[in-house]
Structure formats: C-alpha cells, structure tokens
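Some structures are shown below for you to check.
Below, subunit A partners subunit B and then partners subunit C, in two separate complexes.
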Partner chain A sequence: MKKGRGLALYCAGLYAFLYIPLAVMTVFSFNNAHRNVVWLGFTLKWYARLWKDADLMNAMLTSVELAAAAAAIAAVLGVLASYALTRHKNFHGREGYAALLDAPLMIPEVALGVGLLSFLVRAGFELNFGALACAHALICLPYSVGAARARLKSIGGERLEEAAMDLGASEWAAFVKVTLPLLAPAIVSGSLLAFTVSFEDFVTSFFLAGIGIVTLPIKIYAMMKFGVTPEINALSVVLLAATFILLGLNAWLAVRTGEATRL
Partner chain B sequence: MPAVADDNLLELGPVSKSFGSTPILRDVTLSVRRGEFMTLLGPSGCGKTTTLRIIAGFESPDTGRVKLDGADVTDQPPYERDVHTVFQHYALFPHLDVAGNIAFGMRMDKVPEAEIRRRIPEALAMVKLSGYETRRVGSLSGGQMQRVALARAIAGRPAVLLLDEPLGALDLKLRKEMQLELKNLQKKIGLAFVYVTHDQEEAMTMSDRIAVFNGGRIEQLGTPGEIYESPRTSFVADFIGGANIFTAKVLPGAAGRAHLLLEDEHELDVPLDAHETLPAPGRKVKVAIRPERVKVFYKDELPFGALRFDAVLQDSIFLGDGCQIYLRMFKKAPERLTVALAGGDRYAVHDDLGVPVIAAVQPEDVYILESDGD
Partner chain C sequence: MKTLDRGLSWLLAGRRSAASHLLLSPAAAWLIVFLVLPALGLVALSLARNGAYGTVVWSLNLDNYQRAVDPRYVPVLLRTLAFAGATTALCLVLGYPLAYFLSFRAGRFRGALIIALMVPFWTSALVAFYSWMVILGKEGLLNTALLRFGFISAPLGILYTPFSVLLGLVYFYLPFTVLPLYGSLEKIPRSYVEAAYDLGAGRWTAFLKVTLPLSLPGVIAGALLTFIPCLGDFLTAELLGGPRYYLLGNLISNQFLMAQDWPFGAALTTLLLAGMIGGLWAYRRWEPDA
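== the complex of A and B ==
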C-alpha cells in the first residue's frame, strides 16, 4: 500500500510540474489586472480585447491558412513517400531514405531556418506565403509519413491490392478503391498533427517570414517585447485549447481505427 | 489427340522461374481441363504457390507460356486475366461490408448494378451465408471469412478459380467440412479449380487429378488413385500415404518380372507394372511398400503367393483409429519395416515387443520406383 502511495505521489508531482505553469497562465488570463502578480478579480476583458485586435486576428488567420496549406502538402507527399517505402521492398537504401524523411524532427530548426533562408534567397525565390508553406510542409512531413507508413504496414495493403488486382482492378484502381480508403484515418490523423506543428512553429517562420507575413507565434513574440500582458495569457489559453481539441480529435480517431499516431 | 487438347482450359509450360540465382520452377508443364479439380500438392518451397501466382499473373515466368482458353495470357497483368484467386489469408477488404466485397470484382468488370444485386445473394447462398450482405468483415469468424472470400471469387464467374491453401488457417474439424463443401460446390458449378495444398489427405479427398511438386518440378501427375497405387518416385511414394522405401539390387530374372535382393538379403520376385522399368541386372533400384499393405503373422501361416519377411516387433504407436508398428527385419543387415494396422486389427502389440513375427506382402504391392527420382 505504502509503495502504491509513493507512486501516486510521484505521478502527482510529475503532472503538477507539467501543468501548473499552464494552469497559472490560464488563471491569470481571467485576472482583472494589468500585471501577473496579484489576483484582482475575474474578468473576460482580455479575451474581448483579443477579439477586437485586428492585427492579432489577421495573424491568427494567416497561421490557420499556413498550417492548412502545409498539412495538405505534407499529406500528399507523405502518402506517396510512405507508399514507396512500404511497397517497394527491394530498393537500395530504403531504411536510409526513411531516416532522411524523419530527419527534420532532429535537425535543429535554427539550422533548417538558416539553410532554407539562404537557399531561397540564393535561388531567387520570393519569401512569400507559398515559400513559407513549403518550408512548413518540410517540418510537417515526418508526421504525415510516419502516420501513413504505420497504417500501410498494419493493413497489409500489399495483399489487399493484390486481391483487388486479381478481381480486375488496375493498379491505380486498386490504390484508389482499396488502399486510399484504408489510409484515410491515418491521413487525417497525420494531417492534424502536421497542422499543430505548423501552427505553433516559430523558428522557421521567424527566419522566412520576410516582409508582411505575420503568423500568430511571431505576433506573440512581438507583443512579448512589452512584457507578458494578460492579453498574451488569454491568447496562449486560446492556443492551448485549440491544441487540446486537435490532440483530442487525433486520440478519438486512434481509438476508432484501433491505431495511434504519436508525436 | 486434338479432342483432348480442345478440352484443356488452362495450359502452362514448360515454365521455369528463378528468384535471383535460386531456381524455383524447372520446366513445369501442366494442363487443366474444363470443370476439373486440379491440385498442386507438395511441401513448402516446392514451387506450387509460385506456379499459382504465375497463372494469376502476379509473377511472370522466365521461360514458358501460360494459355487460358487457347489465348496466350503470359504478358497480361492480373486484372486482365479471367481468373480469380481465393487467398490463404482471405484478403477481404476491411472497409467494405460482405456485399461490397463480393461486388468488388463485378464492379471492376462493369457488370450492370442490377445484375450485381442479383448475383450477390446467389453467391452468398452458394457458400451458405445467405443474409450476411451487410455484415462487416471484421465481425466474421475465420470460416465465414473464407466463405466470403470464396463467394467474392466465384461471383465474377471466372474461367478458372485459383485457391492458395484456402483451408490452411482453419481448424481440423472445419477444414474437413469445408473440403466436402468445396468439392460439392465445384462439381455443382462446373468451374475448373486449381488448388494448392501441402496436405496430401486434402488432395486425395478433393481432386480429380493431382500434380505432385518437389524441388520445383512436377514429380508425378495423375488421379489420386494412380498416384497412390503406382507412385513413380520415392518422394511421391513417401509424401502420399507414406511408404517403406528399400534399396535393392537387380538380379537376373524372367521377363516382365523383377528379381531383387534387398540390402538385408531378403529376396523378392515381383511382377512389373506396365509403367515400371527395371535397370540392368547388377544395378540398384528403389522399391516401395505401403505400410497398410503389410500383414503381420505370429506363426507360419503365410497367405498364398505372399512375400515373406522375417522380423521382430520393435515398437508400436497407438493412433486412435489404428496403430503403427515397426518391425526390424533380421536376415542380415537389419532394416526397418513400418506397418499400419487398421482399428480393431490388433492393439495390444506393445506386450509383444521383441517377439519374432512374419510379415507378408503381396508381390503386386511392391512398387518399383524410377531410379532418378530421389
């Protein structure tokens, strides 16, 4: 019994460590004061002010559009790449290519940012929304590849495609009628993760945002220069809630299809 | 004989195939007649599944052609060939219900929807799953999935149905039931089946003809009766039904008969069957004797004309519906003779271990095997 209580205490400590800062932030977002020090009563005015801040809302919109574009690009590339990696057994250096696709997870984002920036400038690309979306797709790719690849392995897609072809489906028809529908949950869940990753990305956006593209994290950073205001707290709570909703959706999908795609 | 050739629906051969430097099939020639139940039988790795995949179009032969209904289909992809496969692990589409699975092939073949709707219950009735149209594939038992796989394959009315160890994943009792059902279904719809299995009993029960594969070749092709009654090689004799295989020296003898000396110096004088050939006197030959064709006697009461082997009872195994006993023949160099006794014959043999007995075999039950077959 004593041992059990010790473990419970440890777990409580761990979760407290993880979530107390978020809880404090959440509480102070409702604080009727300009500084995060003393509690002066409950208010929703910081949230109301967020809503009215046109610059902030624009940044939010930009981030959503960017994340959607990046997730979509990553989804298409991810399905194609994972298909090649699971289906073609004999191509040389397969595991190496797979590792290279996962590499953006490990490469320091600063290095990636510097690399992308110097490449795009040298190559004469304009630093616009499209370029940024492609860069975000790059950091999202490991998530969509991972999700699709795990699913392809677990459904034994090869056997099912053979069965489809045996029944008269061309290779393309077998892919569209059998593999793609079975892959759909993994595409959705991979895209949700990719969306989250892009939405909260700061470093890559910071390097590449160029002129006029202000994503939400960049906007928050700019606001922080004047100190952590309750408004920023409120904004962070909104982002937190959005992230939890996305993760919850992902978990729900995982339960439904019996498979999990993990970060 | 053109009449026979016309009757061949599927012709294969002589097909060879290697994976890398490993030869898988060597000069396999096979023809399947309309409405025939042809079984490709052999141990794992013998090439039977590769042969099936070549017929289906999933593998292409290095040499040799595949002809279906007179047309060369060797270079056609699987989806253009009029053959469907029942896979060992069913390969049902998990995102479709039972009806959706059965309709899949017909939709691909652009069969009109009205016709598809008519044929789905028909196919389900054939596999005794009427009313299962809207069931999800994941909710079915192994036996039911196998039936759906079968219904899916026959609903599109292929010219030939290929079955890749379709009962391999089922338990023994269900397998026996399905063997009979499959055979009856095949007779009823008159469809040619090419059936792959490693289970010799299954092959015996169901087939019109059996092609026995070994090491990438067909060792023997014939009806179950022919293969059992006159195995050509020691592999076939041993793989189908089991056999005592002895090496013997050929002695000079009368025409149409074989005069042989076993290594333990028992002498045999047996008639030669029409297909059996004998090497020159002095050469070695292999002979086979089926365990169930050996009779055992405790005193000298040999049936008329039988060959006599002097032996002692060495061991016995109780098998439930009978037993198997091992005799040590003791003329000179001891050789072992396995005897199968049917139920009721004699169970209490273990009390008699070490007792001298006389084993009797009728001369026509000694098969002379081809010298190259090992």
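== the complex of A and C ==
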C-alpha cells in the first residue's frame, strides 16, 4: 500500500500548512525575546503584560459584551424564525425567507461594512455600541438559525408536541414544556457559534466601530500597525484559546445531544 | 393569562399564514434594515456625485461606473480576478487529493480530520495572517532559518509580494474548496468504483473514468465557493499584500475610509455585489441538485 501512504503523507503536509501559523504564534508567545524570532527561553511575561494593560482589558470586556449582545439578539430572532420555517406548513415565501436568512453568509464583509457605514451615517445614526451590536447580530443570525432549524427537524417532527396537545396542553404549553427543553441545547450551541463569530469579527467592526469602541480584534490590528511584538502573539493565543474553548463546548454539547451542529 | 396563552398558541400553531409571517418578521425586519436597505443605499449612492470635502451630491449619473473602468483602476479589477482565479485553481489542485483521502481512505479518523479542517476556518483570520507575517517577514522565522542554515546570504522579500497574498488566500479558502469536494465524493456509490475494478480498470483508469467525472459537481461548487468570496476579500491583501498588491476589497475600503469618495466606493461595491449575485444565479441555474 505504498500509494495510499503517499496520499496520507501529502494530507499530513496540508494539515501542517493549516496549523503552522497557529503553532508558531503559540510557541513565540512564550519566547523570552523582544525583537527576533530566535528562541531565547521560556517566559510568561508577555501574558503578564497583557494582564496589566488596562486598555486591553477594556477591549476584551467590550468584545465580550458585544458578542453576548449579538448572540442574544440572534438567538431570539433565530428561534422564532426557525420555528415558523420548520413547523408551519401553510405559508408562502418559505424559500424566500430561508434565502434571506442565509444572505449574511454570502455577502462579502467589506460590502456589508461599507453598506452599513454609509447607511447608518446618512440616516443620521451614531456609530455606537448599539449600532455595532445590531450589525454583529446580523452576521450571527445564520448560525443561530442553522442550529435551531437542524434541531427542530431532528426532534421527531411534530409528534411530541402533538402528543402533549392530545393530553390537553395548548400549543403554547406544549412549546414551553416539550419543545423548548429539547431545543435548549441547540439554542446554546447556536449561541456559542454566534458568540465566536462576533468575538472574532474584525472586518465589520473595522468599518463600523466609531471612535471609542475598541474590540479585541481592532486592538490587535492597531497593535500590528506598530509592528510585530511578542505581546500580539500572546494576545492572539488568548483569542485562539477562547475560540477553542467555545468550539470545544459546542462539540461537547453536540456529543451530549447526539447530533452534530453544522460548523 | 388565558388570552395570552391563546394568542401565543395561535402564533405557534401556524394554521394561518399571518402567524408564520409574524414569527418570521423580527428576523426578516432585521435583515431588511441592516442588509437589504444598506445594499440598496449603496446602489443609490453609486449614482450620486462626490462633492467637496467628502460630501455627497445627489444626482443620477453613471460617472462612478465609468471611473471604475478607468485605466487607473482596471489593473486592480484584473488583479482581483487573477488572484481569485489563481486561488481557486490552487485550492482545487491542492484540495482534491485531501477531499479524496477524507472520503475514500480516512476511515475512522474521518470525523476528527474534518473537524481539524474546520478549526483554522473558525480561528480569527486576523490572528492567522499576523502569524504568517511573523513567519514570512524580513526578520521572520523563514528568513532567519534560511540564513542560519546558509541557504541564502541576504533575507528574501517574501512578505508583501503576490506570493504572500496568494499564500494567505489559499490558506484561508482551502476549507471552502475541500468541503464541497468531499461532499460530492461522498455521494459517489462505492459500487460504481468497484464495478470499474471488476471490469479490469486500474486504479488510475477507475479514478479518471468514474470518480473524477462523478465528482465534477463538487469541483464546480468548490470552485465557486472559493472564487466568489475571494473577489470580495479584504483582509488578506490588507495584511499580507501591502499597498502595491491591493485588491478590489481594499480599493473599496480606501474610498470609504481614506479618500472619502463614498459614491465611487459605492459603485465599486455595487459592481462586486452584481458579479457575485450573477455568479450565484448562474450556479443555481446550473446546479443539478441542491
């Protein structure tokens, strides 16, 4: 099976290509050298410096608040929309709604950024935290809709809800007592993905963050403009670790509920 | 309480289409206000004129579109098309063997390998590109290593070249190509390939005559899903290209943030969106099954 091994080796090489930047960054975030890329010993001082940087901590807090707000808005809008899309049979325009809900995935972020920028400014709105949260909710929406729709489809159609109603529950009571508890893991999982999308977003924030709103990716970008420093490595590893934790939680939920949410 | 219960139940039951539209209305309204209206606003803005000090003078003319095909900007458009095309071709060539491996050979590692393929996609591109800057820069990891081992005598200029932009694009878009490829390879009934073997075809003949033609829908889907987002890419050239290798996304961004010529930027964005929508529409029409 020599041929098969060649292919496997090639694929290993491709995976190495994908993971090299992440590995390099992680290694150098612990390197005790300020200016060069030669290993001069292990240190945690770059992380300690991050911890002491008040601006950075503020940026972190802004990003967490922004992601939480965006994920929450997307979760509410997404659950309502997904319920109608999966459970309701007699209405026109289902395809249209579904296409509209997927549109944020297709539109280039630059187009979205400059479109929202010119729209909000010309309509006289201030580019504040609220405006940015609304824009982030938009890019998060496909993920909460995707997770909720998949779960609503897989939890046994309407049969469970019908059983509850046969036993005398109203639609609302059946939803609260039966559907919602079954849907909850998908809401959490969709919200985790949405949170990740917002937390990492740079391009949309880049165009919409007025003066004074500094998210973590915007802060990283500003630091990058001053050149390559070990602090950025450490900060990037923090962002990377946050992503891994969020995706890990999502995978754990998927295993627990016995289904894979689309990544 | 009773009325509330009844109202909510009416909403959930969806026996009337009004209930469905009502449930969908918050999300739809959100998309209309924050996506559709801004897009239409850009189209309107693209027909306006740029006044003094970055103000907008409303008018109806196509001057901005004429400017977009001015010899000053045509190279950017062509470069964008060339980079998107080259990225797509490279991603297909590099990604096909991986998709094939995942579908036919990976066995019990398949799930883990697919997740591993998605992880770089989910990590921040900003962070990954920053790391590529550390690797490829003048005093970067690659140059330092090559100098130390005596392969070169002076650092190579790798960063801020077409090569680094292409590398960044391929790095970022590879999963976009591989997943549709994998999806279409998965759909090929294994019995077809076995039948080819039984009829005396060798490995390569079976691949070229059976597997490859049957995976063509995935090749086209993967190509489009790479090419179209590449056209609007902004971050790669911003970080790895430098001003000499700006792409359309960067030109648009400059019109809005630096040159303060919003109408021209809006015209460029409208062209980008029109190209993408045209591409997707053509794909939908061609697509045999979704």
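Basically, the second predicted complex is superposed on the first by the 258 of 263 C-alpha atoms of A that agree within 3 Å, B and C clash if a C-alpha of one lies under 4 Å from a C-alpha of the other, contacts with A are read in each partner's own complex, and residues count from 1 in each chain.
Quick note on the criterion: contacts are C-beta pairs under 8 Å (C-beta built on N, C-alpha and C of every residue); 3 or more make two chains touch, one makes a residue touch a chain.
If you're wondering where the values come from, they're calculated on a predicted model, not measured in any experiment.
By the document's definition of touching, of the two partners only subunit B reaches A:178; subunit C does not.
When the two structures are aligned on the shared chain, A:155 is found in touch with subunit B, with no touch to subunit C. Judged by the touch definition given at the top, the superposed model places A:119 against subunit C, while subunit B stays out of reach. Counting the residues of subunit A touched by each of subunit B and subunit C gives the higher count for C. When the shared chain is aligned, subunit B comes close enough to touch A:164, but subunit C does not.
When the two structures are aligned on the shared chain, A:248 is found in touch with neither subunit B nor subunit C. Put simply, subunit A uses residues 170, 173 to touch subunit B in one complex and subunit C in the other. Here subunit A touches subunit C in the complex through residues 3-4, 7-8, 10-11, 14-15, 17-22, 24-25, 28, 35-38, 73, 76-78, 80-81, 83-85, 87-93, 97, 100-101, 103-104, 106-119, 122, 134-135, 137-138, 141, 145, 170-173, 175, 196, 200, 202-203, 207, 217, 220-221, 224, 228, 232-233, 236, 239-240, 243-244, 247, 251, 263, going by the rule given at the top. Interface residues of subunit B facing subunit A in the complex, by the touch rule stated above, are 56, 58, 77-79, 83-85, 87, 89, 91-95, 104-105, 108-109, 152-153, 156. By the touch criterion given at the top, residues 155-156, 159-160, 162-170, 173, 177-178, 181-182 of subunit A touch subunit B in their complex.
For subunit C in complex with subunit A, the residues that touch the partner chain are 5-6, 8-10, 12-17, 19-21, 23-24, 26-28, 30-31, 34-39, 41-42, 45, 56, 94, 97-98, 100-102, 105, 113, 115-135, 137, 139-141, 144, 171, 174, 203, 228-229, 231-235, 239, 249, 252-253, 256-257, 262, 265-266, 269, 272-273, 276, 280.
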